[in-house]
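Here's the structure, in structure tokens; my notes come after.
Labels run A, B and C following the written order; every chain starts at residue 1.
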Amino acid sequence: MKHAQTYQLTVNEMNEFLEQLSKKYDIYAPVRISCGGRYAKDDSIIYQPINTYQEIEFHERSTYPLKEVLTPITQTLFYFTEDEFKESKSPQKDVLIFGRACDINSIKIQDQIYLQNGGIEDYFYKRIRDKIKFILMDCPEQFEGCFCCSVGANKTDMQSLAVSDNNGSAYVGIYDSDFNNYFAKYSAVDHEIQTPLENELKVDYPVIDNLDLANKLKEHPMWKEFDARCIGCGSCTVSCSTCTCFETTDIVYTQNAHIGERRRTCSSCMVDGFDKVAGGQSFRKKTSEKYRYKILHKVYGYNARFHTGPMCVGCGRCSARCPELISYPATLNKLSQAIKEIKGGVQHD
Amino acid sequence: MTNNPVKPTACKLLDIMPQTQTEWTFRVKNNLPIKHGQFMQLSLPKVGEAPISISGFGDGYVDFTIRKVGKVTDGLFSLKKGDNIFIRGCYGNGWPTEQFKNKTVVIIAGGTGVSPVKSLVNMLCEHSNYARNIYLILGFKNSHSILFADELKKWQTASHFHVIYTLDDENYPGFKKGLVTDFIKEIPFASFDNEYECIIVGPPIMMKFVGMGLLMNKVPEKKIWMSFERKMSCGIGKCGHCRIDETYVCLDGPVFNYTIGKKLID
Amino acid sequence: MVEDCNIKKLRNNCFRQSKVPGEFMLQLRVPGALIDAKWLDVIKHVCQTWGDGTFHLGMRQTLNAPRIKAKDIPAVNEYIQPYLQAVECDMCDVKMQTKDGYPYIAPRNIMACIGGIHCIKGNVYTQRLAQKLEKLIYPNPYHIKISVSGCPNDCGKGHFQDFGIIGCTKPIYTIDRCIGCGACVRKCESAATRVLSLNDKNKVEKDPCCCVGCGECVTACPTGAWRRPAKDFYKIILGGRTGKQYPRMGKMFANWLTEESVLSIMKNWPKFSEWVLGGKPIYIHGGHLIDRAGYQRFKDFMLDGVNLNPEAMIAENINWAETEYRSNIHVKPLDKHLSVK
């Protein structure tokens, strides 16, 4: 990590700082939604615009990922009439997002798809991406199932600022000189904001280095159990920091049938219909096939195309959200085992 | 920023040419350069978008042959000449036409699968010295589902064309009864001097069996080309629907050589 | 010689007569059915010291010690005093004397399923409401059976109580979080009342009239588009009972009540009972009191002074369907009618 000047601010000073920032930036951070969770009285934590420091949830992993700021679950692309498509409004202000190391790294993967794949830049992604600066949140308490260190997503240098919550005050590290002038009135303190160095959970992330091996793995019996276990709900991919898939839908306003919107909506390879083509045929009918497709995208397909490592930052959200308690790291272990078997020539019928 | 790859452009619908009850060809004004075998995203505001193969093109127009199967396609069928269709594209790699130069080309297509090769077949028909001989096996379900009847006649009479038209389960003048796979054995591969290429297009199951049929006739895998159809939403490698492992059908296909296509396991 | 026992008095003290003369079974109340596990030592000690060493799990979630000799009852009452203090007075804030054991048996133990503290289906913390209800109905000479269930699965069998209180939710839909996957629609169809559908915008439409308030849609949703509001809702199923004469399943008396509304309705129960029985408490099941008064007068009493929340719905009429073990069991000479005049 680049070395930074660090300052210590009280909550009130942080709020002043955020207020000043809000003239230029829309600021997003993980925010606790009371009773927003799946089960009674459980909260959820979602990325939302914030005004004050106290709104930021520092001490629990967000339920849903940072990507929602860039690619909201439902996004209007165009407004149309019978004979014209007009792009939806661009964000006016610049954007500042609070995120942890894994969250910020996940945007590199989002960039890969939305800006690089096929050499085509997605207009709607780019127009917000260009305006974004990140504020790194440290992870003094890690959360159950975090394994960022196993996939190298524990370090980042994409942040402009870093913030560490310190019970009633905050350390702020400056990595981007654009922000220096906000701190002229404070004197620097000797404190370095750290990202995680080690996780309790260590995952030996499997490597699949060729398509033939990937294709052999598709035949492996390891996937079978998921027919009975996975319900194909898509919770894992919706909450995944690095999944990118979407659907496009047109809607008409009920009041005026001549105008409407073309929308982009988050989609998931785990959900029925994702691969359905004319005639009702689909290519992966069983949940074991869908789950296998998802896992192999994370482990194989993405890296085989871009050669930048797994499509995963080890944030642990997929497992945390799975209502059927399917552990992604446990699947990765089974996959490693299956790879060993195939390389060792074990036959399955 | 003005370059928005998913923003469609309004284009005039020049003509509608019904082929069957549920398959019509739509001729749309267009001046963009096109390669045989590419597709475009057609859209109707309020209804949505659909990827459709280019079944023909010429000076100032592009043809789409569309089967009425659902929301968007139903919407397209309700248009009249002079209405606007919104299009974006072209997308996809198209057929490797350079490879076909001075070779015999074997084309086996079924049903709507004929439309992604139609413009290529027309080109090969009009330019009789581009390739050598053309062997064409086209199959349809029954007499009501025959597409491009006019072209079929034209191709039949072209001197460098050898055609077999089939219907799955009906006796009908000009057509043999049976599946396209039944007639692969009538193609004299041995006489082609190794200077040939094969094209397969149709429903996945048909492509699978035709592929097997060709291999049984000792056609080398690398001489076989096929066009894939997968669910597509964006056409530009973003939405993820068409992906198979590291391959995006919209970007890297829809045309694949058999050596690659056989490994594309969903 | 048969020991002289005032069985009515002992019953009121929560010792129930055994077929063996002079023996009784203690029933410890567990309002809401959740207590510190350390109290199991208390019932165990009672069973082993004064009983025959067996323990019975009460049908209404009481902790029962069979075969206690009448002569030992004072010692038992002294021994269980800390339990009564902790569970009734401290946990439920009930105001009562604890030195002579339980003062009344008539308000039966308030049952509850485990509910929202554990159950993936639960909407509410059942214990919390049960404990608040205990304070309203106990100690009191008037009989009543209540259960609290965490969701409309009604594992507390509220349909066979005088008052079956069922925890519900009125899910909130955030349209922009919906991906149109239809999981909630399918779940509502397979597990609940089939009130959801996907519209042409690929978003969810709800027919709010028949939503049972189960929250299955929330649990099924992968995106958090459906969520439970912080405010709990309840329905009350009224007048269910088992019995030898005319058992029946309860019917819905109220829907979409807030906790506050539930409590202020239930607070009226003793007043209503007192009126029906002319101030002379006898051991008679609560449901019969409703029958004697008639639903309309019951309703007036129960809603007296209640400030219902705006969402609340109350049954205008209730038509119970009884199993009459003897046909025309209600047809009898006028002077045998029990209705309050």
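Quick note on the criterion: a residue touches a chain if its C-beta (ideal position, glycine included) is under 8 Å from a C-beta of that chain, and two chains touch if they have at least 3 such contacts.
What you see is a predicted model, and the numbers here were worked out from it, not measured in a lab.
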For this session: Would you identify the chain whose Cα-based centre sits farthest away from the centre of subunit A?
Result: C
Exercise. Which chain, with its centre taken as the mean C-alpha position, is closest to the global C-alpha centre?
Worked result: A
Problem set entry | Chain pair that, of all pairs, has the most C-beta pairs in contact | A-B
For this session: Using mean C-alpha positions as chain centres, tell me how far subunit A is from subunit B in Å, no decimals.
Result: 38
Exercise. What is the distance in Å between the mean C-alpha positions of subunit A and subunit C?
Worked result: 45
Exercise. Where the CA atoms of subunit B average out and where those of subunit C average out, how many Å apart are those spots?
Worked result: 69
Seminar exercise, completed: Note: subunit A residues in touch with at least two other chains are 247, 249, 251-252, 267
Exercise. Got the subunit B residues that touch at least 2 other chains?
Worked result: none
Exercise. Quick one: in the complex, what on subunit B touches subunit A?
Worked result: 1, 3-8, 10, 43-49, 67, 69-70, 84, 86, 203-204, 229-231, 233-234, 236-241, 243, 245-248, 250-251, 263, 265-266
Seminar exercise, completed: subunit A contacts subunit C in the complex at 33-41, 44, 46, 63-64, 72-74, 233-235, 238-239, 247, 249, 251-252, 265-268, 271, 321, 323
Problem set entry | Partner subunit B, residues of subunit A touching it in the complex | 77-78, 80-85, 87, 113-114, 117-118, 120-127, 211-212, 214-215, 218, 244-252, 257, 260, 262, 267, 269, 274-279, 281, 283-284, 289, 293, 296-297, 300-302, 304-305
For this session: Show which residues of subunit C lie in contact with subunit A when the two form their complex.
Result: 115-116, 119-120, 122-125, 150, 169, 175-181, 183, 200-202, 215, 218-225, 227-230
